[in-house]
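The structures considered in this document are given below.
Look for subunit A in each of the two complexes below; its partner is subunit B in the first and subunit C in the second.
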Partner chain A sequence: MNSSLEKHSPKLMVLPVFIVLLLISLVPLIYVLGISFTQSTLSKPFNDFIWFENYKKAFTDEIFGASLVNTLLFAFIVTTIQTFLGFVLAFAMQKERKLSGLFRTLALLPLFTPPVAVAMIWRLIYDPNSGFLNYYMRQFGIFEKSVAFLGDPKLAFPAIMFADIWQWTPFCFLLCLAALQSLPRDPYEAAAVDGASAWQVFRRLTLPMVAPQVLVVFLFRFLIALKVFDLVYMLTFGGPGNSTQVASFYIYRVGFKQFNIGYAGALSILVLILISVLATGLTKGRDFLLRKLE
Partner chain B sequence: MAAENHFDDLSEKAARKDLGYYLRAIFFGRPARLVVLLLFIALILIPVIFVISTSFKIPLEIRLGGSIFPQQGVVTINWTNAFENVPLFKFLTNSTFVAVVSTILALLVAVPATYSIIRFKTGGWFLPSWILGTYVMPPIVVSVPIFALVKAVGLQDQLMGITLVHAMANIPIAVWLIDSYVRTIPRELEHAAWIDGYSKFDTLLKVVLPLIRPGVMAAGVICMILSWNEFLFALILTYSVRSNTFPIGISRFIGEHGMQFGEMSAAALAGMIPIYILVFFTSRSLVEGLTRGGVKG
Partner chain C sequence: MKKLSVVLSLLIVVSMLLAACGQATPAPSTGGPAATEAPAATEAPAGKPYEGQTLNFLTIQPHNVAAQNLADWFKEETGATVNLIVVPYDNVIEKAVLDVTSGAAQIDVVEYWYPGLGTLVENNVLENLDEWWKSKEAELKFDDFFEDYRDVLTTIDGKKYGIPYDGDMHLLWYNKELFAKHNVQAPTTWDEYLQVCKTITEAEKGNDVYGCAIMGAKIPLILIGTFLNRLGSYGGTFLDADGKPVINSPEAVAALDALVAELPYALPTPSAVAFDEALGGWFTGKVGMVEFWTDLGAMTDAPDASVIGGKWGVVALPKGSGPKAKVVASLNAGFGMGVSTTAPNKELAYKFIEFVARPDIALRYNTVVGGIDPVRKSTLEDPTFIKFAGEELVAAIKEGHKNLAPWPTDALWFKLQEPLTDNLSLALTGAKTPKQALDDTQAAWEKIIAENK
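This part shows the complex of A and B:
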């Protein structure tokens, strides 16, 4: 008996994870898929079977379309800026051995600040009366009147992006720094012997060697950025109008504010398909880029 | 160590000193680096300094002015108001309970599973991709069924409900973080333990666990912070002061009672300070855990 327990112990060790994965991904996804074919409310799930009606509705839903475009735009813009800034900072930091400990601790602060607190801080900063942004803009004569950043359809989305960039650039910085520090030393010594300039060393050595890992950072951050919800909920609630509507928030609104969980289910499935396609495409695209760089 | 100075030596050796040379020397030189780094520190710290100083400003000054530092004296009324008007203390104890218990549960499940997946290839290629896929999936997608599930077992609006959901949601992340630590353990150590008659469980407990302790620590702290900060599940699963965690508690309070900026700053800080203290004491292992898990490819 003891030996059979011993034989099966690797399986026993993963059994709880297997059950958890069933509970948080597979079973819920089957539930969502099922419910997406029905007319359902939060109190009355699986009320009436309506086949693809919810999906048909989704394809003509302009707010849903706008929310998808906004989500992709948001993820692409913030990820690009964060990866670029993170890399520049990591490159600058690389040779400051003494400061790097302090910097890394500092970098962790925005990253681990509760999103709800991040939202409060930026709400305060953007506020027309109490925020310092408007105050100094007026002092230096850039604006004549105060601007309600979060109330302006054109400015609200960039304002959310800026708060996100504050929070997540340190993440890209830390990962890029780790990537730079893991590079082998020998090629640099060879380049020094050959008398290469700093720019040549950067262009011919550092960049090609570090590119694969920086692309991983980009991909990783991009996939996380697609989940954006908290900042939108706390800063603008999708508004003004639907100018900051994103996919996660729209699904939340349909499911938990309008209680139409059948439709929310259909939207969820569509978002999931889109993200899977994107993730596969981006992974393939990364391999392609890397081959080109070589 | 010698390699560190090569960039500086090289720029002096560069043969032709045209405009491009000077531009590059500016962008790659130490002064430029220090300016970039100072800007970075300022950008990180200014919002935090502003919220701290706002929490000590006189409420009238907050409403009228917007300079970073208090101009008309320092008061603690925002702090006392925040703790008196908002059940902040209750939210913070709720969050502490949820974060600590969910992290312990997540680690209890994740550590043996990670060991088994790496060492015995249990679940082949499929289980690791499933775990990663679960992490990439936006949580909103499964929020309705999770809500139904928690309601079905009668744990809605209860601390245990949100605790279990946080534990389950953090397990994929914990596995992902501990993974790289398990990989670095030499197999020979485990083989030696087996020859000595240790079972696989004993080997995990007595040989492997002490070696991966830094990874488990890092994963634990990260899970704790993620649970403390988590918003969406707490939003749909907790509806009263009894079970509201800190993020939901204060966001709901602002929505319903219209909090003043001073109180809001104090309340936000009350939720940030525990995290900052934790980060301060564990920053080294946090950075290592994050970067090792992050750039695996």
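This part shows the complex of A and C:
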């Protein structure tokens, strides 16, 4: 009896954690999966089992297709720029000791700002009639007349991207700075003794050593960026036209504006699958890149 | 593999059971239960009979001041505390539905945007008030409500689910100073509107002053409202008398053509202009005309609110052209107030809507700045209101009531308004022609209606 208990005790001890994880992650997921096979509304969950009809509809839904393309473009562009800028800033700051505290505090400010407030700030900045961006652009003669950044289909998405870059570059900067400052000093001392140039030190030492962490930063940020919602909701509501329609916002519209919860569930599952495939691909890509750098 | 299937099946069953436990959807309410639960029409006991009790009132952010006034006045009279649950105006329907369907059941009284009334009724969010209306009709003078508001703000399939609270029709506001400067008159047709807008914009080139502000941001309430201002006046409608879509009718296409033609002369850029942007232009004297609700005069004249206090004029919306053209007032927005089926304090909730429905309270909340527009005929005739709003506004409101153009209130409307919003936005940006945008909307609507038969 005692030996049996002893044998199973590790599993028993893990059981509470397993149950909690099950409840907080798997159950909602399975709920969404279940509901995606139905014609549910908010008041009638699990209404009319229709198998894969919602999924079939999703594959012919042009707005959903366009929103996925927009989402991927958004995530890739902002993440690339944020990681690059974050790394460049961190590299420039890594040896700065006196002001590093101040820089880190300043970098934290956009991160501390609630996303809705960030969106409001940028909405005011972009305003064609009273925003300071238009004001100074006209003062300096760069614009002849006011530009409606959020009202022009060609400019609205870049405008949202810019706001996102402003908010999230500090995140990449801080993580890259931490990665750079944690690198061992010995290889650099050896390189100095050998007379290596600054470029050689960067290319042969810094980059290979810091690349794993920077790629993790890219991966994290990419996955977060795929879920962009707040800036689109506050700045453009997916417009003008469908030029800033992204997957999260479209799913919100289907679920909470049209109350079509079953279809919203199917769209959510499809986005989840897409993100999982991308995350796996990026992880494999990261391993490949690291091997190359070595 | 077999084990995995068993585990997954069990998990699905568990999650569905948990979901079922979370559903606290009440049975559809009928006139009967509501009537028995509604307090009798008796005189309130002396003192403050509801002292110590609380009521949760779901309201929208633009009506926050008005709601706080109601809360204060109600507390003065009954002793009850009203907690405001304030949400953005475009989230109020989903918040009310979720409160009931999720089982949260925190809200007693719902202030609802009337196009969402069908959705609220379909989801059993609101108590049926038929019996309550009958019992209170004489005492609260329901025949004093404007007939058009009395039905469209409260009624689905002939049954009452709320009281009229905010009569939000659009009128055309103009800046008298700018009009005098450019020697133009308030337009009576959309063709004249275009000419006036063009005249001012071109004459003020380089001064950041524009003939008109057109709200075209891609938000259903805003964009469809702006379109309906033209659609109704050209004689078009969203649906015909049988509920069939007629959104690509010649009148509708002409209305959207007119809207698109006005865009180049409007405050830049209509696709990004929502309330804040339009009001910013209006208050700073940078726009000549704006289509807005009837409380704009009071907002403009409020101390330090604008540079054009007392310098505005208001008329009914311009008329379209063509055989069906007429002067209309679009009921863009408009709010009713109802009792939640899962109200924690139902008796107090009924007391609160009774309080709000009283003619004296209506006059009180219509004569302070708070964004609430008159729903009672007596308010419009009252000298206090005429002094507060001005005779010009009162005349424009009366003109508007001759032909009110409301939004549909059917439960399907929330599904229908999304493709319309998308396509209008595409037409405004030039990605689709007006005809193409409305043809695509018609096709989308026919599909949605067929799917939901």
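The rule we apply is simple: the second predicted complex is superposed on the first by the 270 of 294 C-alpha atoms of A that agree within 3 Å, B and C clash if a C-alpha of one lies under 4 Å from a C-alpha of the other, contacts with A are read in each partner's own complex, and residues count from 1 in each chain.
Note that in this section a residue touches a chain if its C-beta (ideal position, glycine included) is under 8 Å from a C-beta of that chain, and two chains touch if they have at least 3 such contacts.
The structure displayed is predicted, hence computed values, not measured ones.
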item: Superposition on subunit A - do subunit B and subunit C clash or fit; value: clash
item: More subunit A residues in contact [subunit B versus subunit C]; value: B
item: First (subunit B), second (subunit C), both or neither touched by A:Y31; value: both
item: First (subunit B), second (subunit C), both or neither touched by A:G195; value: first
item: Partner chain in contact with A:I275 - subunit B first, subunit C second, else both or neither; value: first
item: Touching partner for A:L109 - first (subunit B), second (subunit C), both, neither; value: first
item: Partner chain(s) touched by A:F229 [first = subunit B, second = subunit C, both, neither]; value: first
item: Contacts of A:P158 with subunit B and subunit C, given as first, second, both or neither; value: neither
item: First, second, both or neither for A:D127, with subunit B first and subunit C second; value: both
item: Partner chain(s) touched by A:R185 [first = subunit B, second = subunit C, both, neither]; value: first
item: Segment of subunit B that clashes with subunit C, given the candidates 92-100, 146-154, 182-190 or 272-280; value: 146-154
item: Intersection of the subunit A residues that touch subunit B with those that touch subunit C; value: 27-28, 31, 42, 45, 127, 129-130, 256
item: Complex contacts: residues of subunit B adjacent to subunit A; value: 2-4, 6-7, 9-11, 13-15, 20-21, 24-25, 28, 32-33, 36-37, 40-41, 43-45, 47-48, 50-51, 54, 62-68, 109-110, 112-113, 115-117, 119-120, 122-123, 127, 130-131, 133-134, 136-149, 168-169, 171-172, 175, 199-201, 204, 225, 228-229, 231-232, 235-236, 246-247, 250-251, 254, 261, 264-265, 267-269, 271-272, 275-276, 279-280, 283-284, 286-287, 290-292, 294-297
item: Of subunit C, residues touching subunit A in the complex; value: 8, 11-12, 14-16, 18-19, 23, 25, 94, 97-98, 100-101, 119, 122-124, 208, 216-220, 267-273, 277, 280-281, 284, 286, 414-415, 418, 422, 425-426, 428-429, 431
item: Residue numbers on subunit A that touch subunit B, as the complex places them; value: 6, 9-11, 13-14, 16-18, 20-21, 23-25, 27-29, 31-32, 35, 42, 45, 88-89, 92-93, 95-97, 99, 101, 103-110, 112-117, 120-125, 127, 129-136, 166, 170-171, 174-175, 177-179, 182, 185, 188-189, 191-192, 195-199, 201-202, 212-213, 216-217, 220, 223, 226-227, 229-230, 233-234, 247-248, 251-252, 255-256, 261, 264-265, 268, 271-272, 275, 279
item: Complex contacts: residues of subunit A adjacent to subunit C; value: 22, 26-28, 30-31, 33-34, 41-46, 63, 127-130, 145-146, 148-153, 156, 236-243, 253, 256-260
